Structures are given as structure tokens and as C-alpha cells.
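Once you've had a glance at the structure underneath, I'll fire off some questions.
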Amino acid sequence: MQIEFLASYMPIFTSFIVLFAIYLIAALSLNMEYGYGGIPNFGHVFFISVGAYMAGVLTARTVDYIAGIKAGYCSGQASVLRTEYLSSHPMEAIAIFVASLVLGAIIGGLFGYAASYPALRLKEDFLAITLIFIGDMGRIIARNEEGIVCALTGLTGIANPLSFIKDVGTRSIAYALIVVAFAVLTYIYVQRLAKSPFGRLLKAVRDDDLAAMALGKVVPRVRGEIMIIGSALAAIAGVLRTFYIQGVVADDFQPLITFLVLTMVILGGMANNKGVILGTLIMTALDQFISPSFLSLLGVSVEFDVTYMKYIIIGVIIILVLMFRPQGAIPEGPVETPALELSRSSEWDVEEKLEIGGEEESSSSSE
Amino acid sequence: MTAILQVRDVAKYFGGIRAVDGVSFDLNEGQIVGLIGPNGSGKTTLINVISGVYKPNRGKIFFKGEDITGLDPWDIYHKGIVRSFQVPRLFEKLLVVENVMVAHRNQKGENPVIAPFHSKWKDQELEYARTSLHTIREFGLSRVRNNWATELSGGQMKLVEITRSMMSEPRVLLLDEPAAGVAPKLAREIFSHIVRIRDEYGLTFLIIEHRLDILFDYVERVLVMNYGELIYDGDPDGVYKDPRVIDAYLGE
Amino acid sequence: MDLSIPLMNSLTLGSLYTLMALGLTMSFSVTKIANFAHAELVTIGGYVTALLVNWMGYGLGESLIAAFFASALLAVAMDEGVFKPMIKRGSKPLFLLVASIGIGLVVRYLLFIYADLNAVITVQAKANVQLIGRFGRAGITTIHLWVFPITIASVVLLHLMFHYTKPGKALRAMADNEDLARVSGVKIYTLRRLMWFIAGGITGVAGGLWSAYSVITPEIGWYALLRIFAASILGGLVSFWGTIAGGLIVGFAENFGITFMNTYFNVSTAYRPLISFVIIVIVLLLKPTGFAGFDFIGWLKEKMKGGGE
Amino acid sequence: MADYIIESRDLTAGYGKAVIIQDVNFQAERGKVTAIVGPNGSGKSTFLKTLFGLTRVFNGNVIFDGEDITKLPPEVRARKGLGFVFQVNNVFPNLTVRENLEMGAYARTDKEQIKKDMEEILDIFPILRERQKQKAGSLSGGERQMLAMAMALMGRPKLLLLDEPAAALAPKVVTQIFMKIRDIVNSGVTVILVEQHAKRALSFCDMGYVFSSGRIVMKGPGKDLLADEKFVEAFLGKR
């Protein structure tokens, strides 16, 4: 009885974990670009979609080619044949998965580098406007081109790399573990970057790019680098998503996704990766649990599409956080490099005879 | 004495305005030179041109005999010319010690490929940190080293800027009003730090400052600009007697 | 190739974009907020009009007046409830932009819930449309008799207000230099409210006209927003005549562009929004330092005169 | 005793925590031109802004027309008869010259008188009459400065504060500006003038003050100051 009960909730739990992990990668990457780097990449969803399309196109084209599927790129029959092929050829399936991740990251990074061009020239808010629309243009092209992801119908049959595992429950848990592993790796990676001189450099460029230039920092290169890193990570999130839902539809990548991810970052605390975990957790929970399927599970029914509620709540959170706690749940801290550790040691405390500016500030700085 | 920085007939125009109009001078190694002149006479523009923020419309700038005209600001920094700003431009969300750390050159950990591998840059980082902390102590900033940059007083910010500029082992410092908005006593302290650095490291300074009574106690040579032109180049005492300088300040 | 249909569409949509973009330009030039919730001012105007006409049986004229007030009040509420408190707390411009996205989400999806409950996710104001003439193959209907006069009247009224009334001049002064306006004795907060009221109102009327012209959804504003920004950006986000020209340019470029590309290159008409986007990018490339305060039309005029710098 | 339209007593002021001017005792006589000279950073502009209530006062008082106005906000001071011409950004560039002038009279309600004043002011500044319909942004520097003064006059001030009206202008234009200031004084408005170019200002004014490092270091009739041998040192800061 109890096991049955658990079993019925297991899919919800695994899907929550997978989505949390994917969103976390996306949110951490946006935090890198915007929180640390100060580039308001509000076209973030576009870079996620680049990875998602890459995974779909690469898988479908490759499988169609090696398995000799003639049924037509977008046909339902091709979709079935692809799934069959992938579940019976584990090596190929995994190879394609890995190749998608690598290529997705590369292409995502290239697009990110391209997007750093306007980032050098425009004022913050105009850059944000431009990037929001860049993001949506990508979707408009994808939803109208059969050749990419089959326009409005979407590309299907991008079977999970683990589809050779016959038991659905085991398979989804295994895939969840892979995705979580990527999220953990991403977290470790961005956290290590954030605690390095590179993290310090990013913040310096963000706070005052002219002063950074005057201190010898090649600001265009730094902006390019962070956009490459952020976009490559976003694309990886997209690749993982495609293999998770086993297909890709252009209209899934609405600007709303950017705003959802942005809310995760703002709510948690910009330039603070721990905060972003918290923000992502809260927002993923909202995203998952305010859904028709979950509510019907609870026996709740409303007369309208409950997803609308979700967006209203996102909007309210954005407004409240920006108004009352713009630094987010966990505010930004210093860059924890070994230098800071050294600086904190009492070895460098001195009794100073004459301190400049002392007369005004003595109260505030006597820690 | 050798000329470390040579400015040759440099001009910078904004639309029809000749902000700097054919300025030439040499800076000799180890000199502290004051750059003065009425508002809008082109002093800050000149520093912006030398430090690469603006490209000059005409003229050449040589550093140790090498033509550095039109290089990007970061390249000029790496050559050994560092400038400060009239309004202190500290990185707000960095601590004082981090503000100083940023200024080090060739940091391995600033490369995003190497940055995740802390062991690859940790030694260098600690070495830089010691240098930074020593200098911070020399400038009397130890007590606030772990404070946010925004928590400092104006005078402390000015000092952090100078501390920061020292990290790249520069040869020439261009300081834009290093003591602006600071009470006279503290301004003198900042200037005595400047003299100390010059004596210790043999650096060369070009300093914009408005309070001549303070400035003239520390500099051995003064350049005076008016309407973008250099109208005086000589010792401080002569400034009071030179009719062109007096006309520039008091009007003709 | 018969150009009468794209011509009529260009004029109609161009007029609507112009009205909407004028609202955006007004609010941006005075407050410097890039307001993404401007989209919702269009949508609310559209829905108020459609519902009053369809359910309450009001005429289009009365309904448009109601749309004016609905959007005007919403605009004032946004500023009073969100932007002003944020500015008082020292918010950065970019945060105001993000907050406007938040406002947009709240309004749009509240409307979605309402529309879902009442089965009006898609709706069109059933104005009494009659064919009154022909221009080539294009029909001229009573809707056109609403759109063109209202657009022209709004432009004329706004022009008169900005140039011949004291508050109008004060608004332009505020857009130029708020500190100096304040020193001159302008009550800037009162005027700011007036500005939001008018900017919101005309945007709402444009939305109302759109609902009479074609089917709308709660996303109609978002759909229009790209065009609105493109039109405003052509006027540097600050210029009155620049915005008007911008609205018409966007209308024409979109309709002629897509007809042309569809006919000769078989490009899908779904790519229509890309044209506005390309306009934004072109302005950006021509003026890479950023288009804040850059009056593109003014710049073109200068170039035409053969001046240069 | 002279009739002072404005005076400051032991005035200490600045921005935020920073003290820029200290213990300033200053008087301006009604109907005269008072000049404040001094090098950059000597606090003369800050002092002018303090008179208009645009800085933070730490200590001391400002008395205008016999009334203590130290605590009044700038807009109220404007209504009491103080006019201010900023050094930069002192006109609305996208408004026409005439509209700028109307904005100068924004707080006034006496429509008929405004019309008369407008004509009068356009008589004083004929170049502005010529350019009435032009946008202020298209004016030359000197014309813009004249417009700024004319705008301030449209508010009918009793006392006009001018912050470096001749900065960055060609010498010929400077002469014109000073002629206009003379006209303004002759029409009965008291003027306080902040100037970097001391000779020009001191030979022009009735009474002069020399500021240095935030304090008054010399005062006296302008021509006497110029003749004083200590003046140059006081002005440039002595060692």
C-alpha cells in the first residue's frame, strides 16, 4: 500500500528533480552573465533553445541517416522508427547524446559571443530590449521552418539516451541522475569561477567598465568570455531538456521562460550562486505545482487554465522583490579567494598612528 | 635625466571645440609635475588622451621612446602608465582589498579556462595578496581593508585609487585631482604619500590639482594649460610672476 | 502586383502603431522608463472596447472613450503603485524595466483568467462594419473611418497640447531637463500623472480600434510591442514627429515588405515581425553608441540636407 | 548702513558629509553688482547654490530681504524673488526660444504682465527676438547664455544669481554678455556674479569677494582688489 502510494508519486518527484536541475543550469548561467557580468541577457531563452534545437536536429538527422529512415523528417512514422532505433542501439544513442551536448555548447557559445557585440555598445536598458527581441526572433524563425524543428508541430522521436533501459521508472530515475550530475557540475564550475580572480574581474567590469579598462582589463574580451560561458551553459540546459521530453517544439521557448529564469536569479540574489539555488527551487516548485495535472492529483479543480496563476505569481514576485529587497534573498558577498582569507587574518592588523579620513568615518569602520 | 614620456604636438577636438590644441612636453623620470589651469582648459582631456581613453586628432605620444599613440587603454596600462580619476571610480561591490587585487597584471586566475582550477593560480594570488596588503598598510588603509568600497570616506577612496595604481609596478602615474574634495590636512597627507612613492620607486607623476598652495609644496615643475594650449612650463615660483598665467586665471 | 491591399493595411496598422508608439515615446521621454507593460495598455483598451460593444451594446465611440479611461487609469496606477515607489528607493533604470515586465505579466494573465472564464480568449468588437468604398481591390470600411480620423485627431490634439498649453509645454520641458523644470516652478509629480494618463489613454484607444479591426487576444499587446518599440526607436524614443513617421514606416515596411517577399521569394507571412526587428537592428548599426535620445528621423533630415558634420 | 538684499552669516555648507564652504559672511547691496571670484574648487559655485538652497547647510543663516530663508526649499525661494542661472544645462534644448522664456515665467499667473515683460526682455535681447521660433538647442553658446538669463528674468526676480555666465565663450561674446548684465542691473535687478576670470568680473562689479579653499580671503570694491598687490597670491593660493 505504502509502496504503491510512493510509486504513484515517484514520477512527479523525478520530473520535479529533472526540471529543477535543468532550470538550475539555466539560472546559474544567467546569473553568470547578468549577476556577475552585468550583461542583462534577457534573451536567455534563445540560448537555451539553441541547445534544444541542436539536440533535436542532430539526433533526428543522424538517426535518419544511419538507420536509413525515409519516412520524412517530421512524420510520425519517422518519430517511431527513431525511438525504436535509439532504444535498440545504446552505444549510438549515448554517442549522439554526448555529441549533442558538445555541439550544443559550442554553437550556444558562438551565438553568445555574437551577442556580446551589442553588449559593448548599448546602454543597459536598450541592450535588454534588444536581447529580449533577439530571443523571440529565434523562436519565430524556428516555428516557421520545417527544416529545423518541424515548425509548429515540433520534432519528435528524440528518444532518451537511456531508452535501452526497458523499465520506465528506472530509466527516468537514471536520466534524472544524469541531469542532476550536470547541474552539480555546473554549480561547482560557476562557483569555482565565482571564487576566482575571474569572478573578481567580472564584478569589476560590471561595476565600472571604464575604471577596469584603465586598470588594464580588456573589457570587450571579458564580456565576450562571459557571454560564451553563459550561453554554452544555457545551451546545455536546452540539450538536456530535449532528451528529457524526447522532442522539441519551438513555441516552448517563449520570452516567458527568460522571465521565469530571471525571477529565479532576482529572487535568490544576484551574483550569489547559493541564492540562485534557493530561487530556482522556489520557482520550479511554483512552475510544477501550479499545473493542471498536479492540482487534479490533489483533487483541486478550477474553471480556468491554472498556468495563468503561475505567471501572475511570477509577476508579483518580480515586483515585490525589486521593490522591497532588490538584493534578493541572499545578498551578494565578497569574492572568496585565498587572498581574502589572507586579508582577514589578524597578521595585517596594525595600530595606526594617523589614519586618513579617520575623523569622519571612525564609527562606521571600527570593526 | 631622461624623458620617460614625450608628448608631441597632441591635439584633441570635440566637434568645433579644441579641448587640447597642440601640446608638447617631456616628463623626466622621477619628476613630480603639476598640471594646472582654469576650468575647461583641457587638463583632464590631455590625461584621457595619454591614457588611451580618447584617440588624439593630431600628435604623438612616446613612452620610453616607443610610440604609444592611439593604443587602447588596457595596452597603455600594461606599458606602465596608470591614471586615476577625478571622481574616485572604485568597484562598489568589491572590498577594498579586492579593489586593489583587481589591479594586478597577468593574473593567471583571470583566464576563465584556468580559473576553475584553483591550484593553478593560488600561489600567484597569495603572492599578489601579500604585495597588496603591504601596500595597503603603507598607505594607512589596513583598518578598512575588509570594508566595502562604498563605506570609505572621500579621502580614503582617493588613497585606494593610488594604492590600486601601484599594483602593476607602473613607471608613470597620471593623477586627476588626487586630493579633490579632501580637507587640506588630509590632502597634504596624500601628497606626502606621493613623494614617498617617488622616492622609493622612482616613479614619475603628472598631477592635476587645483589647490596650488598645497600642490606647490610638493612639485618641482608645473605645466599650465589654458584654452587647450600649454602656456607655462617651469618651476612653481615662476607661476605667480608669469603674466600669461595670471591672465589665464584672472582674465585678460 | 496590386498594391492597394498592402497600402490600406499599411495605413491602418501604421496609424495604430503610431498611436501606441506615441504613448510609449511620451512615457519614455518624461520618465526614462522602457515600459514593457505598455503592451498591456493596448490589450486592456482592446478588451474594454470589445466587451462593451459586444455585451453591453454600446456604440464604438462610447466604448473607445471607456477604453481611453481604462488604460489611462491603469497607466497611472502602474506609475503610482510600482515605478514611483521604486524610484524613491533609488532603483536602477534596468530594474524599472524588469518591474514593468512583472506588471505586464500580472495584468496579462489576470486578463487571461478573465477571458478564459468568459470564453473570450479571442474576441473582436462587433462594430457595425460596412463597406463604403473601394480603393483598387482593397475595401474601405467604416472601421477606416474610425481609425484615420482618430489618429489624425490625436496627433493634432497632442501637437496642440504640447505646443499651445502650459502643461503641454511643461511636459516637454520636463522631458528635456527635469531639474530646470523644477526650478522654474513646475509641479513635476502632477504633470507626470497627467502624462501617464494621456499616454495610457491614447494607447488604450489604439487597442480599442485594433479590436474593431481584427481579432484580439490577451497577448495582442505583446504582439504589438515589438512594432511599438521599433516605431518609437525610429524617433529616438523622444521625438514626437519621429515617432509618427516611425509608426508609419513600421506599418509600411511590414506590409509591403512581407507582400513583396511573399510574392517574389515565397517567404512566409509569419516572418512579418522580423521586419520590425530588422528596423531596430538597422538603427542600432547606424548609431552603435546606443539609440537613447537619438532621433533617427531628425538624423536622416540632417543627412538629406547634405550637411554632415 | 547699506541696504543689503541678501547676506549670509557664518555660513558653513557642502554636500553629504563634505564641508565645502566655511564660515562665510557675505553681503550684497541692493541694486549693485557683487562679484565672487576665486580659482577652481574654491567653493564659489557651492556658495551660490547655498544661497538658492541647493546644498546642505551645516551652520549659519541666509537672510534675504530681511527674512531668514535658510530652511526654505529652492522653489519657495524662487517665488520670493530669487533667480538662478546655472552654468550648464540652463535652457530646455527642445523648446523654442519663446517657449523657454514662457517656462521662465511658469510660476507666475499675471498673464498680461507676462506679455509685457516678454516684449521688454526681447527688447533687451534682440537676438532672442530674431530666434524666437528656433529651438534653444540650435543656439550658439553665447545666445544660449543670454536665453538662460532672459529666462531667469521672466520670473521677475529681485536678485539674480549668475554662475559663470561667460565660461567657455569667445571673448567678443563675453563682452556682449557683460553688457547685458549691465542692462539687467540698470533695470533694477540686483546681481551676484560668480566668475573665474577675476579681472573681468572685478573691473565690472561694485563689490568683490575672493574665495579660496572655501573661505573668503579678501573683499572690497572690485577696482581696489585688482590694485592690491596681494591679490594675485590670494587668488592663486599663497604658499
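Labels A, B, C and D are assigned to the chains in the order they are written; within every chain, residues are numbered from 1.
Going forward, a contact is a pair of C-beta atoms (placed from the backbone, for glycine too) under 8 Å apart; a residue touches a chain by one contact, two chains touch by 3 or more.
The shown structure was predicted, so the numbers you read here are calculated from the model rather than taken from an experiment.
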Problem - For chain C, the least number of touch steps when starting out from chain A - result: 1
Fill in the blank from the handout: Of A-B and C-D, the pair joined by more C-beta contact pairs is A-B
Exercise for the section: Quick one: point me to the chain whose Cα centre is farthest from that of chain C. Expected result: B
Problem - Between chain D and chain C, distance of the C-alpha-averaged centres to the nearest whole Å - result: 44
Practice task
Averaging only over C-alpha atoms, locate the centres of chain B and chain D and give their separation in whole Å.
Solution key: 35
Handout entry: Intercentroid distance (Cα basis), chain C paired with chain B, Å
Key = 49
Handout entry: Residues within chain D bordering two or more other chains
Key = 17
Problem - Interface hub residues of chain C, defined as touching at least two other chains - result: none
Fill in the blank from the handout: chain A touches at least 2 other chains through residues 360
Problem - Pairwise touch network: line, ring, star, complete, or other - result: ring
Practice task
If two chains touch, include that pair; go through all of them.
Solution key: A-B, A-C, B-D, C-D
Handout entry: Interface residues, chain D side, partner chain B - complex
Key = 17-20, 39-42, 167-168, 171, 195-201, 213, 232-233, 235-239
Fill in the blank from the handout: chain D contacts chain C in the complex at 74-75, 78-79, 84, 86, 89-95, 99, 102-104, 106-107, 151, 155
Problem - In the complex, chain C residues that touch chain A - result: 34, 36, 82, 85-86, 89, 91-95, 97-99, 101-106, 108-110, 112-113, 116-117, 226, 229, 268, 270-271, 273-274, 277, 280-281, 284, 288-292
Problem - Residues on chain A engaged by chain C in the complex (per definition of touch) - result: 40, 118, 121-126, 128-130, 132-134, 136-137, 140-141, 143-144, 256, 259, 262, 266, 303-305, 308-309, 311-312, 314-319, 322-323, 326
Problem - Interface residues, chain C side, partner chain D - complex - result: 163, 166, 169-170, 172-173, 175-177, 179-186, 238
